[in-house]
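See the structures that follow.
One chain, chain A, appears in both complexes that follow, with chain B as partner in the first and chain C in the second.
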Partner chain A sequence: MIRTVAGAVLLVAVLACAPLPLSDFWIFVLVQMMDYALYAVAFNLLLGYGGMLAFGFATFFGLGAYTLGILQVRLGFDVVPAVLAAPLVASLFAAVIGYFCVRLSGIYFGMLTFAFQMLAYAVFIKSYDLAGGDDGLHGLVVPGIVGTPRGIYYVSLAIVALCLWVLARIGSSPFGLALRAQRSNVNKSLAIGINVKLEKWLAFVIASFFAGVSGALSGLATQSVFPDWLDWRASAVPIVMAILGGTQRFIGPVIGACVYVVLQTVITGMTEYWSMIMGVLIIGIVVLMPNGIVGFFRLRHE
Partner chain B sequence: MSDYALRVRGLYKHFAGVQAADDVNLAVKPGEFRAIIGPNGAGKSTLFNMISGFLKPDRGQVFFADEDITGQPPYRLFRIGISRTFQITNIFGDLSVLENVQSAVLSKNRRSLAIFAQSRGAYIDECRALLHLVGLPDLERRSAAELSHGDQKRLELAVALANKPRLLLLDEPTAGMAPQERIASIRLVHQIARQLGITVIFTEHDMQVVFAVADIISVLHQGKVLVEGKPERIRDDPDVQKIYLGEQGGIAAAAARAEKKTATVA
Partner chain C sequence: MDALFAALPWLTNPTVIIRQVMAGLANGMLLFLVASGLSLIFGLSRVINFGHGALFMIGAYLAYSVVGTNSPDLVTFIAMLFAATIGLFVVGVAFEMAILRRIYNSPQAFQLLVTFGLVLIAGDAVRLIWGPAEKSIPLPPIIDDVIQLFGVTFPLYRALLIAIGAAVCLALWWLLYRTHWGVLVRAATADREMLRALGVNVRRIYTVIFGVGAALAGLAGALMAPIVSIGPGLHADVLTEAFVVVAIGGLGSFPGALVGALLVGQANAFGILSFPQMSIVVPFVLMAVVLILRPRGLMGHIE
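And now, the complex of A and B:
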């Protein structure tokens, strides 16, 4: 316990000082790591705790980003209410979409979430007036000191830290236990009085809420919203990060997100074939570490 | 107030070409230890699944005391005091022993959707008491998948008792056990059920187990209750003997073995 607290304090101290020696580019990379870490942890509430592989989870990341973008760029709202609205809109849609999706399981659940992602993609890419079509939305105005790279960094750090703390608490709550129980054994869960569909639905809504936060933060960091974030290729991002890091520990997807962002940044700088090299690396890691990076080191440790 | 803990009236269930339940009637008194026996395919599991809400009957009704519970989902039945176990040992293999019991106790207390509380240490005394009751006091931190088969059965029982059930349904409670463990295992259940005043209905293939503890035996055959009565009556029934001819030297032999064992234990 004391070690955990000491570790957390040290980590916060390092993260608080990190931007001082870094260039704007590397600060942006750190921000992306944090945003993606939140995205991956939210996703893992479904995959790791709930056993639900949501292929279309990018829907809620995209909805968060577009909510911020549309409210700020198109409708002229301030950034703060626009950011606050993002997770609410994402989870509101998740409440409706989830109602249908949790009735299915396994691959069917995954494909239905994916269908909703394609639907959202089609809506945004076709609506130029509202969402900028295939250009997306650009020129988000973040006023004052918060609008600088360092400002965005500290805002993201504070929000991501708070969200991860909340997600960790949810993971170890009675709800988190029931979610893991139904993943382990559905019939047994029903037999002990757990309303499995309701558990899965709530997990879906909560995870989407935090994906919405993460999408909005990504919009802040790039001062843009890209339709690519809802493209079918975007579905793979949270899956890869969670599996890379390991789904059976809370910290796994955080590690996975950091590794993913570093690899992407470094390899993109080296070659235009970065996605090919990335693919090979990921295959290598998954084959060598079937329980993810965290699972691999835990096993070696034990 | 009904005189019965459970009443089943005119249950029918049809599967592709098979009448798995064909006008099944049962009436089980509070505190009774009722065995449901019958050859493979007699409809025992179907009946069990209909009582416990995992299958909807085509026709007929199930009453729990005075309440019509026909077609209610399993999780609701658990909340009103009906618990069941499964033929194949059914635990949460990915959870620790303590978490297995905690899941059930939290669920009984309607806490399974609580996102702001912490599960660690929740209802810990109640959970430990349950583990103690079934004889698993020192294993709470172990992963449930690592337990021996016998201990997994005990854990399953602890979980089933977590809602303080008035009715406990056990589907082949001794399946997969070594013959010498079986009697001891069912006696543990029997003793706990007596102690807590729980009505028990169980299906069982092993006749020694049945005759060791059952108050009343219902014999199911081709989806119907063929006969019903005290163990002695069932043992001597010519129809039952006909169905069981050849199985472990016939039902009478099994009954005799069970009585002998009971005598030695006593």
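And now, the complex of A and C:
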């Protein structure tokens, strides 16, 4: 425990100094890493803790980003209330559809989240006045020193660190334990009085809240909202990150997100056919490292 | 009632209705070809193939390779259909044997990622091989015609699509329900361990079914090729609609794939008449409603 806390403090300290020698490009890469780390950890609350594989999790990342974008670009809100509204809208939507989704299990749960994602995608891509249609929204403004790449970096670092700390607390709380208990055995959990549906619904809403935060931060970092973020293919990204890092440890998806962003940055720099290389890597890793990167090295170590 | 007619003027126009029913049938039959493969593969192996649209897309590109940009004769056109079907059968068998069979016992998320890897690879592979520009292929002049039916004029190709879809559907039904091989497939779907214990080569059934599913997607891609523009993004809409179809019909159900495809075809055809702006949400609303009220789908079995 002390080691974990010390490690986390050290990591934040290193990250706080990191932008000093870096160019804007690499600062942006670090921001993306942090956003995606939060996104992946939130997703893993469902997959790793809850055993719920959502095919449509990008819905909440996209809703967070669109909430920020629409409030800022279309309705002229200040950046602070717009960022605060993003996770609220995402988790409110999750509260409604989650009511229906958590009644299903396995593949049917996944398919229903997929259906809702496609609904959201269809609505946003057809709403030119509100959401910019297939262009998305551009020109989000962050005023003052916060709007510089370094400003965005420190804001993201603070928010992501806070959110990850909260998520870690949630994961090890009685709620997190109950969530894991129902994943390993639903009937036993019901028998000892765990309200399985309620736990799953709460996990769904909480995960969506933090996905909304991460979507809003991505909107800030790129000053845009892209409809691709809501596309069904976007929902594979958190799955890739969680599986890459391993789903059974809190830190797994964080590592998965960093590896994913580094790979994407490096390969995009080398070739325009980066998605092909990514596809080969994903298949290779899944077939060869079924325990994720963290699990792979732990097993070799032991 | 008058308000309804005012909002939906096509309700009083039989010509429009007949034309949309036919368009919906043609669309539904193509969807059936894609969705039946998806459903067969899922029923047998429990793998949801996110790469199914990619297989469809490769079929369309293969069709382009055979036909090119000049107007083909009928023989070339038929050769193109066979080339896409057989070509995708080979691709499907190779993918199953090289990769998919290693992960049948892995968690669902792993299977999803492997088929998603196929999506990523296929999108770039077609750009690498055929270039990023959109392609289109012409119909043979003899098919590029119109016919009269119920006093309404249709493209001949639309009627042909319906006929080919129906023929493939019948052939599949015969294979699955009237041959020894079909018995084995259905038995493996119900209980693969038992079938293996009885000495049947279950692995080969998995391989062949994935090949057949891929071949059906390839055939659908080739059939669709003359009426769409063929580009690296072609797979996305097909995949999402095929998902809608299998969810509505029931995951793993062959008759469900037919019912679902016909429903979605009609929903598309009349959705675009009724709410031209928002017609693309119609299939997804249907999918969500069916999953909420009846998760196993209209024709699926309780698990």
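Note that in this section the second predicted complex is superposed on the first by the 300 of 302 C-alpha atoms of A that agree within 3 Å, B and C clash if a C-alpha of one lies under 4 Å from a C-alpha of the other, contacts with A are read in each partner's own complex, and residues count from 1 in each chain.
Convention: a contact is a pair of C-beta atoms (placed from the backbone, for glycine too) under 8 Å apart; a residue touches a chain by one contact, two chains touch by 3 or more.
As the structure is a prediction and not an experimental result, all values here were calculated from the model.
When the two complexes are overlaid on chain A, chain B and chain C sit side by side with no clash. Within the superposed three-chain model, A:F175 lies in touch with chain B and out of touch with chain C [touch as defined at top].
In the superposition on chain A, contact is made by A:G106 with chain C only, not with chain B.
The superposition-derived angle at chain A (between chain B and chain C) is 80°, Cα centres, a multiple of 10. Contacts of A:E199 after superposition on the shared chain: chain B is touched, whereas chain C is not. More residues of chain A are touched by C (comparison of chain B with chain C). Once the two complexes are laid over each other on the shared chain, residue contacts for A:V41 go to neither chain B nor chain C. In the superposed pair of complexes, A:S184 makes contact with chain B only, with no contact to chain C. Contacts of A:I27 after superposition: neither chain B nor chain C is touched. Using the contact criterion defined above for the overlaid structures, shared-chain residue A:R233 touches chain C, although it does not reach chain B. For the three-chain overlay built from the shared chain A, the minimum Cα spacing from chain B to chain C equals 14 Å. The contact sets of chain A with chain B and with chain C never meet.
Interface of chain A with chain B (complex): residues 169-170, 172-178, 180-181, 183-185, 187-196, 198-199, 202, 206. Those residues of chain B that touch chain A in the complex are listed here as 52, 54, 73-76, 78-79, 83-84, 86, 90-95, 99, 102-104, 106-108, 111-120, 122, 159, 162-163.
Of all residues in chain C, only 46, 48, 50, 99, 102-103, 106, 108-110, 112-114, 116-121, 123-125, 127-128, 236, 239-240, 243-244, 247, 251, 277-278, 280-281, 284-285, 287-288, 291-292, 295-296 touch chain A in the complex they form. Here chain A touches chain C in the complex through residues 47, 53, 55, 100, 103-104, 106-108, 110-112, 114-116, 118-119, 122-123, 126, 231-233, 236, 239-240, 242-243, 247, 273, 275-276, 278-280, 282-283, 286-287, 290, going by the rule given at the top.
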